[in-house]
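I have a structure I would like to understand better, so I am pasting it below and will then ask my questions one at a time.
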């Protein structure tokens, strides 16, 4: 009886906790949705209403009418995807070396890579802009290249940690079978850490997707290359100083949903990883 | 063969450069405003077939826009020829801009614009930017509520405003617990410098730093009016007003929850738009005065030509065209953007589209500039010191006497100017 | 345990053979690191070097003024501090002035030095019945350092706790786990600049905002709580926003870390009769340590560099170190001072990174 009560209480507590966290994480998104669905008049009403009295799709319509926003979606996808793939590739090479090999200067290499991203973005912007101008690159490659400044240290460090955690026996077994180092990498290491790669990639993707300051500067003279955050910063009312709160909220939702869908697609991989990822030690 | 092709390509490339000149204008990103300037650019191109005018939108947020411009100037980029700059920037950006007086037409044009703005845009006798549209702080008031509570007209002094706001607020609270007397911009940002300079100037307290470089802010009149403004917080204005920008004030006002508002002219057409709770129920007046006469902070945007432009003469011509009488007239009628050319305030077409232009002519001509040109290149620091000090008073962290004494020391350290009476 | 097995893989034990193999391994490792170094060389060296260099100069942004080398002057202007005692305020008879039962002190203006650098007050405090003032040449930056560190430590601790709870929850099976996992990502996926605006809208200082309406409906406050203007609510509001935004990052990373822990270890612990809680401390936590260390490093790094939320929501009211650096650069054009502030951020991040690596025992060697 006592044990049973404790079990039930534990269950209740568990679900309560999940519910609370769920509300905390989801509420602002709910509020953005509600605000986007209100008419402008209802939006500025005091006290505010918890649910829209009349649904208005005006804000969403305005977002989809905005060409630069739609174009931004495409640009952002290209940029973020390229950055992610490159960072994962380069990062997993480095992670393999740093996590599984023995060589001199390992610690300095780790810290040097981390040091890339230890300055605030605003501090390196002027220098980076000078580099980009010297290389004379168009906006999209510029963004892809410069975003590595923050995605690469992240992928390198995370993958190093994951690779290091893999049991040695597996790699030794491969070596005994006659595989060289690179074969071990492609055939053993990468498949085994696939869930970790997906997670790391997803986090890096979103970091690149959300970047604003570099994008604003590099696309300033190439409006067709603008990414979503820049397009949204250029979102404005009909008149200077007017802030179209409803439209900004609507745009935020339109941008977030594809990402969540992306996660749902990749989720199978993560779930697979959870079950299969329990590596035989 | 290859060589011939190459030289052919070179000739073609050079030929196109010589034929078509491109001028890029960095302008606002705002919906209707952007449409207007794109149409204007098209009109210029129709009249001048050899020239291509590109319009580049830049962020509406002033710090983002300035940051972007500075990156271009730092890189001495020739990509942008004409910049839309804030009224407080000409002094700071002086070394990157060309003197417009060297191009034909500007000397005459400068005579037509408001002298205060032309003076603001002039550094060492050089005209660095041509005024494009102007802005000034206004008092918005609810005509229906004034009538309901038996007031004849808008308040002429801050004391009157306080009384009226209090009376109306107490009356309206019976039915609307969220009603406030007066809303304005109290956040710690450039907007508070505008509100603050209006209070101080209207109470004969000077303009923080005088145009000839004397720090005047630490005087009894300034202290008195800033203390008075602090007393509004939580009484006739919401406690949160110390976090308000223009839009926060307008949101409260436009939903019918405030009797008075200090704001820029942009709120006029929005307030009268469809669905607005105050449409047709309000009017604008000059801001109230203290001991002196009313003061309105000068805002607005100018067009300047970059020193790094490859075609400064064509760029200057584009700027002159955009700021001309006809173009400003179109902008005034279609976008209620306040012209900087005096004669337009008597133009019947303009007055029909925006009636308050006529009645507020004095407000626009007499608008109070911020001390940006005299303190260049340190205006941003000066303004930050001022609005931080005022914000401290508004939030009750300091009284105005202490805050202004400290501010004076800060301003001395920033500018090196002497102190004196206004 | 797997921890102790973490030796490098591809070496044998014989010294002779090792040196040949080891040399080959070293070469391979360097080839593998090459792309990373090329990227660093291409895009990071120059901007990074420039920040360090500028911090020792009088450089101004977008200015033709000649740049001078000024040594540590920027750092002195940024970091100089002093503590002075404030004498009690005396009336004409020389008696201490007491108002409302509290002794009054002279203001700091006359006490703090003005030459060669002007100090202003960061904070006043009592110590053994005496009143002291902490003065700094750049009180705003000293306050910003303190605020940013408090912000970072509190946010990262909360994010770690929440992230761990979520990760452990999502690692168990329950209905709706898939939805929960996707939903969890939403805060991290919303564009930062916009998420700050959403929170601004929720926490508006009148009943226009959700929070004030909700709180006044349930009888808390008068509907006019200034979450961003009341100085004691500013940091808690910032922390609420940051924890919301980045808990998913923590959770997802830790979830991936959990996935790499071999199931057999739990089975073995089960056989030994270890309770769930014991299993957590003896199996989960040690094996999660490397992932946790990396997650902590990157979260702390981001928190110490925090910029968007402070700039969008607080503007010039209160600075984070990075929003201070931005203001110095864009508004004041002071590249030197701004760079010095960035170097301070750099040093702090480095200190935290080393701290985590030492404490969690996951040194790379």
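Brief remarks follow.
In order of appearance the chains are A, B and C, and numbering begins at 1 in each one.
Note that in this section a residue touches a chain if its C-beta (ideal position, glycine included) is under 8 Å from a C-beta of that chain, and two chains touch if they have at least 3 such contacts.
Worth saying up front: this structure is predicted, and the values here are computed from it rather than measured.
In terms of which chains touch, the assembly is arranged so that all chains touch all other chains. Just count the C-beta contacts per chain pair and the biggest one is A-C. Averaging Cα coordinates per chain places chain B and chain C 36 Å apart.
Distance between chain centres (mean CA atoms), chain A to chain C: 19 Å. As a whole-number value, the distance joining the C-alpha centres of chain A and chain B reads 38 Å.
Residues of chain C found to touch two or more other chains are 61, 206-208, 223.
The set of chain B residues touching two or more other chains comprises 71, 74, 178, 251-252, 255. Contact with two or more other chains is made by residues 44-47, 125-126, 130, 233 of chain A. Against chain B, the residues of chain A that register as touching in their complex are 39-41, 44-47, 125-126, 129-130, 133, 216-217, 220-221, 223, 233-243.
Contact residues of chain B toward chain C in the complex are 63, 66-67, 70-71, 73-74, 92, 95-96, 177-178, 187-189, 234, 238-244, 248, 251-252, 255, 377-378, 380-381, 384, 387-388, 391, 395, 397, 402, 405-406, 409, 413. Residues 61-64, 107, 109, 118, 120, 204-208, 223-226, 228-229, 231, 315-317, 327, 330-333 of chain C touch chain B in their complex.
Within the complex formed with chain A, the chain B residues making contact are 24, 28-33, 56-61, 64, 68, 71-72, 74-75, 77, 79-80, 178, 246-247, 250-252, 254-255, 257, 264, 266, 269-270, 275-277, 335-336.
The touching residues of chain A, when paired with chain C in their complex, are 14, 17-18, 21-22, 24-26, 28-29, 31-32, 35, 44-48, 50, 89-91, 93-94, 96-98, 100-104, 106-107, 109-128, 130-131, 135, 145-146, 148-149, 152, 154, 156-158, 160-162, 164-169, 171-172, 175, 181-182, 184, 193, 195-196, 199-200, 202-203, 206, 209-210, 212, 228-229, 232-233, 245, 248-249, 251-252, 255-256, 259-260, 263-264, 267, 270-271, 273-274, 277-281.
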